[in-house]
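The following blocks contain the structures, represented as structure tokens.
Below are two complexes that have chain A in common, paired first with chain B and then with chain C.
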Partner chain A sequence: MSKAQAVQVSPLKQFWLKWRFHINILLILIPLGFMPKYFADAAMFRGDSGLGANQVSDIQVGPYTLDLAELRDEAPRADGPAGHFKLFNAALCKACTTEVKAVYLRIGKPRSLRAAGTIFFGAPYRMITSLPVPPRTRSDAQVWITIEGWDGSMHQASVPLAQASPATVAWLEKQGGTK
Partner chain B sequence: MAQSTKKSKSKLWFLVHSWLALPIWFFVLIVCFTGMLAVVSQEIVWLANSDVRASKPSDGAERLSFQQIIDALHKAEPDMAVRMLVQPEGSHFALAASVTNPDGTTPTLYVNPYTGVIQGKAPDFNFEAFTRALHGWWLVPFTNGYSWGWYLVSLLGLPMLASLVTGLVVYKKFWRGFFKPVRSGHGSRIFWGDVHRLAGVWSIWFITVISITGIWFLIQAILGDNHITISSEPIVPVIAREDVPLTADGSPAPRIDLDAAARIATEAIPGLEITFISLPSTAYSHVEMGGRGWYPLMFQTASVNPYTSNVDSKFLLEDRSALEFVTESMRPLHTGDFGGLAIKLIWFFFGLVLTLMVLSGLLIWTKRTAQATAAALKRTDRVARAQPARSETSVEAQP
Partner chain C sequence: MKHLTRRLALPILLLCAGPALAHNPMCECAPVDAEQIKCTGGFSDGSGAPGVTLDVIGYDEQVLVGSKLGDDSTLTFKRPDGEFYVLFDAGPGHVVEIDHADIGEP
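Here is the complex of A and B:
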């Protein structure tokens, strides 16, 4: 009588018994799968893949021009009780970097400089800000850019939110259905 | 009777010990291996890339001040904006300058601390960041709070700690095992068993440190994702509008330079070491700087107002709560980057030992199981001859 007959293990079970502790090697597929995304993100943060998604170029704000782009073409991200936020990048025209003191972003027109919105951080060639997006924002809202000069001057311009971030508008429309 | 319960109990412990890593051995192996690499990744880059080295132009050369570095960078690249300067730990490393170019790219430049010369740009493939990302979160992106890869890796702290405890329970009189020679003439099963035990007893402290700090990373993620903070770090308010002077001609208001800011901070805060300094990120932001304190596992920081020259905010060792001393020590204890090259090499060595522990554990199991299976088959064969139909016995746990 052979051993195989004695134990009577099906080939499938035999295969399972032999390989069951090696299945976890497949976990390596997770980092392999995310690798292209990892390198794309690294390039994005280095600024190698441009300012961002859905770039609106040469927005005239008073005497200055500015490029605006969302960091990622996606809906706002939740940040706990603080609400939802959307990262935007901006680049100032090269000639105006010394005259501009600060650049702000806000959904809806600001009433004054003190309520101009979130300030852009970083070098004027590539600045970033985290824009709060209230879930009840209307989908036809405008994103207002306020530029403050070192002399105290203030200049404003706006672009439609639908142009600056179509994914945000799509998200807002979905929110409107539930809230 | 008592003897046999003791025996079956130790068998159970053994069973638990083998099952902790066995089903996920490859995952544990790669996490240990990449962790070992991450510890010395900075040194590997230093060996591979001469741009990262701080070579002295002459014997008597002095290091430049932060502002002198900025001036040298501006002279070399007038349009480039510098955001931050970092002196990595160890004077053999070049300064790392985070800059923004007019085309919107934001590379890290390696700058010679003696001459201010730009020696090179950090390559697109950042070995240090990559090994850390692979080790720390399995490259799974952070989209909403902590990445699930972070949870996947940090959860390993639990079986690792349990492995240590059960391993010590199973290994009778382990404290006598520190100088037991590895037997090499009795087959590979004995050899790997001896290696596993010897490496294990010498690594007790290291496995304790790595698993507990690993579990901390898990707790950190849980706290973070539930928006619970234990930090007493002050939130630095932006500089008040009235503190930033208006200029009639529209040119930027004058700000103090980095050396003045660093001097003001070190005069106001005795013992403040400055190894990194960042320029104001907005017109209403501070010059931020900091470095390690007398307790090397934690950093001290200060924010200097570039218009009023006041130290507006600081976060020092004495500002920390007792709990923060514990929690903030967790990360450096895990990475071993708090005491220069010597500590890193110790962490690297024990990381290698830990990797070998996983490998030897697996080898022991495969060899033992192969033998145990053969034995079980023989037994079943005998039993089958005597009385047919007997259920299969579990064989993995043969000690």
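Here is the complex of A and C:
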């Protein structure tokens, strides 16, 4: 006759003992689900998947040309009381990188070089800026690019917002100018 | 000592690797009374903007009030006649414009 006695084990411990192997397999599988997004983001930030979404190529700004694209095809993101912002990427033409001092972006025509808008920073072949989008912007608004040269010259060009970022225009129409 | 450094290395590295916080400039202007306007500047990461240039510029690009924000990141000035805009200027590309039409009446 066996003298072994059943050891009292709590149900939680029993569950753990029974399923721990499978739970650990699950822990390996969950990150795999995020891998496609991770690799897509990595390719985007490295520039392998192009400058961004809705690229407008070869915009003539005075003697220079520039490519403009939004980082992601999405509505502007809120940044607390500062309002809504949209990330844009830009690439200068190869010949003009040494001549251009600064590139600015603004919705609506700038009043002056001081108020030329937000400045692009980063490498000249892939610069980025965070463009404020006032909620009352009209859907037929233009995005103005201002290029300041080292020689002190200033050149401007504009692109329709609807072309540069259709998602922003859709977002503005959804707001309906109520804010 | 070496042991302690090694133990603290990971927590310190984790603390240093905070996410890159955007700090977009922001500025709000509101009328104090019929004559005065008060503007408050700052950045969206919560920091203030004492000493940052704040100019009031007419539509003809004449600087009507050229000043800097005080220690409390605010500036109160007399409302100019005619059309103007307020320019919060924290450096090239870090500006906020507020049109006189957006300031409103008291």
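A few remarks follow.
Please note the rule applied: the second predicted complex is superposed on the first by the 144 of 179 C-alpha atoms of A that agree within 3 Å, B and C clash if a C-alpha of one lies under 4 Å from a C-alpha of the other, contacts with A are read in each partner's own complex, and residues count from 1 in each chain.
By our rule, a residue touches a chain if its C-beta (ideal position, glycine included) is under 8 Å from a C-beta of that chain, and two chains touch if they have at least 3 such contacts.
What you see is a predicted model; the values in this text were computed from it and never measured.
After overlaying the two complexes on the shared chain, residue contacts for A:83 are found with chain C alone; chain B is out of touch. Using the contact criterion defined above for the overlaid structures, shared-chain residue A:126 touches chain B, although it does not reach chain C. Of the two partner chains, chain C is the only one touched by A:112; chain B is not.
Of the two partner chains placed by the overlay, only chain B lies in contact with A:21; chain C stays clear of it. Greater residue coverage of chain A by touch, when chain B is weighed against chain C, goes to B.
When the two complexes are overlaid on their common chain A, residue A:48 makes contact with chain B while staying clear of chain C.
Of the two partner chains placed around the shared chain by superposition, neither chain B nor chain C is touched by A:58.
Look at A:34: by the touch rule set out above, it reaches chain B but stays clear of chain C.
By the touch criterion stated above, A:102 is placed in contact with chain B and with chain C alike. Touched by chain B in one complex and by chain C in the other are residues 80-81, 102, 114, 119-121 of chain A. Only residues 22, 24-26, 28, 43-44, 57, 61, 85, 87, 89, 92-97 of chain C touch chain A when the two sit together in their complex.
Residues 1, 3, 6-7, 9, 20-22, 24-25, 27-28, 30-31, 34-35, 37-38, 41-43, 45-48, 50-51, 77-78, 80-81, 91, 94, 98-99, 101-102, 114, 119-126, 148-153 of chain A are the ones touching chain B in the complex. On the chain A side of its complex with chain C, the touching residues are 79-83, 85, 102, 104, 111-112, 114-121, 129-130, 132. Within the complex, the chain B residues that touch chain A are 22-27, 30, 79, 81, 83, 99-107, 124, 126, 129-130, 133-134, 138-141, 143-144, 149, 152, 227, 238, 241, 244, 246-253, 281-285, 377, 380-381, 384-385, 392.
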